[in-house]
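Listed below are the structures to be examined.
Here chain A shows up in two complexes: once beside chain B, once beside chain C.
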Partner chain A sequence: MQSESVGDGRKRIAEPVLRPAVPAAAPGFFTLFRTELTLAVRRRSDIVNPLLFFVTVLALMPIGIGPEPEMLSRMAAGLIWVMALLSTLLSQESLFRSDYEDGSLEQLALQSQPLYFPVLAKVLVHWLVTGVPLAVLSPLLGMMLNLGQAGYWPLLLSLVLGTASLSLIGAVGAALTVALRRPGLLLALIIMPLYVPVLIFGTGTVQAALDGYGYGPQLAILGAILAAAAALAPLAAAGAIRISLEN
Partner chain B sequence: MEKWANMKLSWQWFHRLGSPRWFYQKTSAWLPWLGAAALLLLAVGCTWGLGFAPQDAKQGNSYRIIYIHVPAAFLALAGYYIMAICGAIGLIWKMKLSFVVMRAAAPIGAVLTFVALLTGAVWGKPTWGTYWVWDARITSMLILLFLYLGVMALSGAFSRELSGDKASALLALVGTVNIPIIYKSVDWWFTLHQPATLKLTQASTIDPSMFYPLITMIAGFYLFYAWVLILHTRGLILQREWRTQWVRELLGQSAPAAKA
Partner chain C sequence: MASELSKSPVPDAQSVREQSLAVSGLACERDGRLLFEGLEFTLAPGAAVQVEGANGAGKSTLIRTLIGSASDFTGTIAWQGLAFPRGLAAMRASLLYIGHYAGVRRGLTPLENLAWYGAGQDDAMRALELVGLYGFEDVLCQQLSAGQNRRVALARLYLPDSPPLWILDEPLAALDVTGVAGLETQMNCHLRRGGSVLLTSHQPVNIAPLQRVNLADFSPRMAVEEELHRAV
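And then the complex of A and B:
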């Protein structure tokens, strides 16, 4: 059943249909988006595993550093953010993998439309199935780690915005390493330093709220980072895909 | 027509530069001069800065490490841009040599970043009382080191050399876009968390008697960097082109009888 729907979805994109020039990219985008979302929902482990990883490692933290509520509440925002970063990164390794292996990535690259929109569609799906659930789950973990109540909303909002940027930036790394046999650690090594601004402003949002200040500016900067990443990262990822396909 | 021919002529040097062989032969003549100038400047700057420049009123003699630290930090950052620009030239004009220079620049830049971090730590012990502080500039340098290591790791991961070249060039470019953002955000992060006891010495005004040796050292480091970069590039060229006729002749081997 699964493979049938893939074939169906791909065929519809590849069809050479004459359409007006302006919305030319849009139909391909939505078809691919729907296909990817269906695939992601059917491969349930891809959604559940990053979440389980996130929860499990965060549960280990108090065991490692001690259960004192004050220390935990000071570290909660940072811990949750670092773990969200790690689980996004780990789940990103497979972003282009299956498409690369079955050749559909090459089909996408051979189309006349730019690779920008297919990449954006895949990243959007990745964010919907990993970033958003992480963000929704985060207040619960915040409660377990004794994060102050003032931090729940900022944590959720900053994670919603931040994980989208993380998915976009990580897509560049995933595209660069897709042709390699075991890219896991290398992907983390090349992408981690690029995550620094998102991490800083993500934890900054929560910290500002906990200190009793407005957290609007930090969220605005996270939004600005997201806007820049959405404009530039798919371009870089598209270039990286073409490099990887040459390999 | 004539204009067109002129334009072609003026681009010739650029295309010639793309040939590893031309680069290798040209730089053979430059190397001794460049090396001598670099070593001379470094020797003069070191003796001047470490031996003759006046003591700092607050820090005593320990400030003298800036004569190594500042030039190294300068070039660590400039080196990343040099690497990224070479990568971009390689990607745009498909120039083989440019990728070789990019690959050569990565480890040199990483070492310079490490030197800057190490000298900073050594200076921090007598000045701040601790080797490591999560200060904005130190943290940025550490992230720069990670960026360098990432490029090096990626360029080595591909079995096909050209793919490694292109992939690491793209990563270097992505890093270039990110460096200003990283620096700004780390700066902001530091002002947020800055402990009150720690006071940074802002070297906004520096006496000429300390400044001239510093300038000498910076110039010396730049020349030294160019020298080492060319040496390393030449080494990589020989490694890559070892099958070609000119390399075999250069190494004194007989021309390959069988072109296997």
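And then the complex of A and C:
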């Protein structure tokens, strides 16, 4: 080996002189998911605050706009959906922040595996701890706002599908703004326009059910949005993280 | 292979260049300010480089450039004869990097942090014992001191199957005297088994063989400023 390199300086050495390089052990998807879930459960305030915001504001609505049952029932689906959107947005800001600050995001970016799976694991946990509780609570809040009984299931289903899309889309904005100390309104400006289609078809699902029509098509579109977001949003977020880490 | 390891790891200049991290004519800037230029050094297997320089001299920028986090540089960086960006993937596959932000999650315990880096339970326990965190395995890192958090990060150096290239940004920061001594011993072990270490530090580090690179020696010539002076 040595004579090879001495004989011809340009020749590549067939075998490294050291031990062969072992690729740094990349955590698998399950490890990533379990770690994120552990962290999320330990930071309980991050789970409870958006949920509390959601419930409190919706409880204030009848006081603010008056307790007439007909008006409330007409507005219920829209109100619940807008509040779900806002509380998702509220919790999105901190999605990558602590990982960015403690350097573990940089460690992930150094690994040979793509950032797609770490981002997906993070978003999945975010959805499980914010979106799913919102969706589960929504029929109860629907009842409080005099939403017609026909709307309970469509509301729940549309929120389950919709909040997953919101978490995924929001991750792109969170990744873009992670290097900023106070993203605040910028994050909202970036991702709000992307939230609009989800909002339209989310409320559309409930409205169709209340009007006595089938709500399958709207749910199918929400599902399609979710499928597209699951495929593309982690890629975009991974790219945005790499850009943020360059500075 | 065995005879290779027992010999001095410096057969001749060209092959050293091909087995290691070689930097030549490197210039980096940050926010429009040129930090250093014409930087040259070679990090061979079994050798260590300590990068020195005043605050703001560009030590961290150099490290971030070397690990490929910052791609804004002129000059060449080559890993085993392959210039960046082509050599970057191979280099990262054999890299253990501990940065200024050490990659320790404060919401996890030391044991969970090491598991996240792919360490098995027994290996992680042993590594934590070696860095003096016996009994703290299951305490949340946010309840540990700055020095103890640094030790959690450094415990990665004590895991088996360590990658050959260590790049450490200020590893001695926040460490006490025994911590520094322990780390120096571990780095010496790593050098003896043919690994290489690149570190930044303000204090002297007792490892051998050590090459010191002072960024002040590569500070940009103030060509523009001189010209301005002449014009005035």
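Observations, loosely collected:
Note that the second predicted complex is superposed on the first by the 220 of 247 C-alpha atoms of A that agree within 3 Å, B and C clash if a C-alpha of one lies under 4 Å from a C-alpha of the other, contacts with A are read in each partner's own complex, and residues count from 1 in each chain.
To be clear about the criterion, contacts are C-beta pairs under 8 Å (C-beta built on N, C-alpha and C of every residue); 3 or more make two chains touch, one makes a residue touch a chain.
Since the model is a prediction, treat every value here as computed from it, not as a measurement.
Within the superposed three-chain model, A:E246 lies in touch with chain B and with chain C [touch as defined at top].
Touched residues of chain A were counted for both chain B and chain C, and C has more of them. In the superposition on chain A, A:R44 makes contact with neither chain B nor chain C.
Of the two partner chains placed by the overlay, only chain B lies in contact with A:V196; chain C stays clear of it. Within the superposed three-chain model, A:L180 lies in touch with chain B and out of touch with chain C [touch as defined at top]. Judged by the touch definition given at the top, the superposed model places A:E101 against chain C, while chain B stays out of reach. Common to the chain B-facing and chain C-facing surfaces of chain A are residues 246.
In the complex of the two chains, the chain B residues touching chain A come out as 143, 146-147, 149-151, 153-154, 157-158, 160, 162-163, 166-167, 170-171, 173-175, 177-178, 181-182, 184-186, 188-189, 192. The part of chain A that touches chain C in the complex is made up of residues 1-2, 5-6, 9, 12-13, 15-19, 21-27, 31, 35, 38-39, 42-43, 98-99, 101-104, 106-107, 109-112, 245-246. Across the complex, chain A is touched by residues 1, 4-5, 9, 11-12, 14-15, 18-19, 45, 67-72, 80-81, 89-90, 92-97, 99-108, 112, 115-119, 140, 161, 163-164, 194-195 of chain C.
Within the complex, the chain A residues that touch chain B are 172, 176-177, 179-180, 183, 186, 189-194, 196-197, 200-201, 204, 207, 225, 232, 236, 239-240, 243-244, 246-247.
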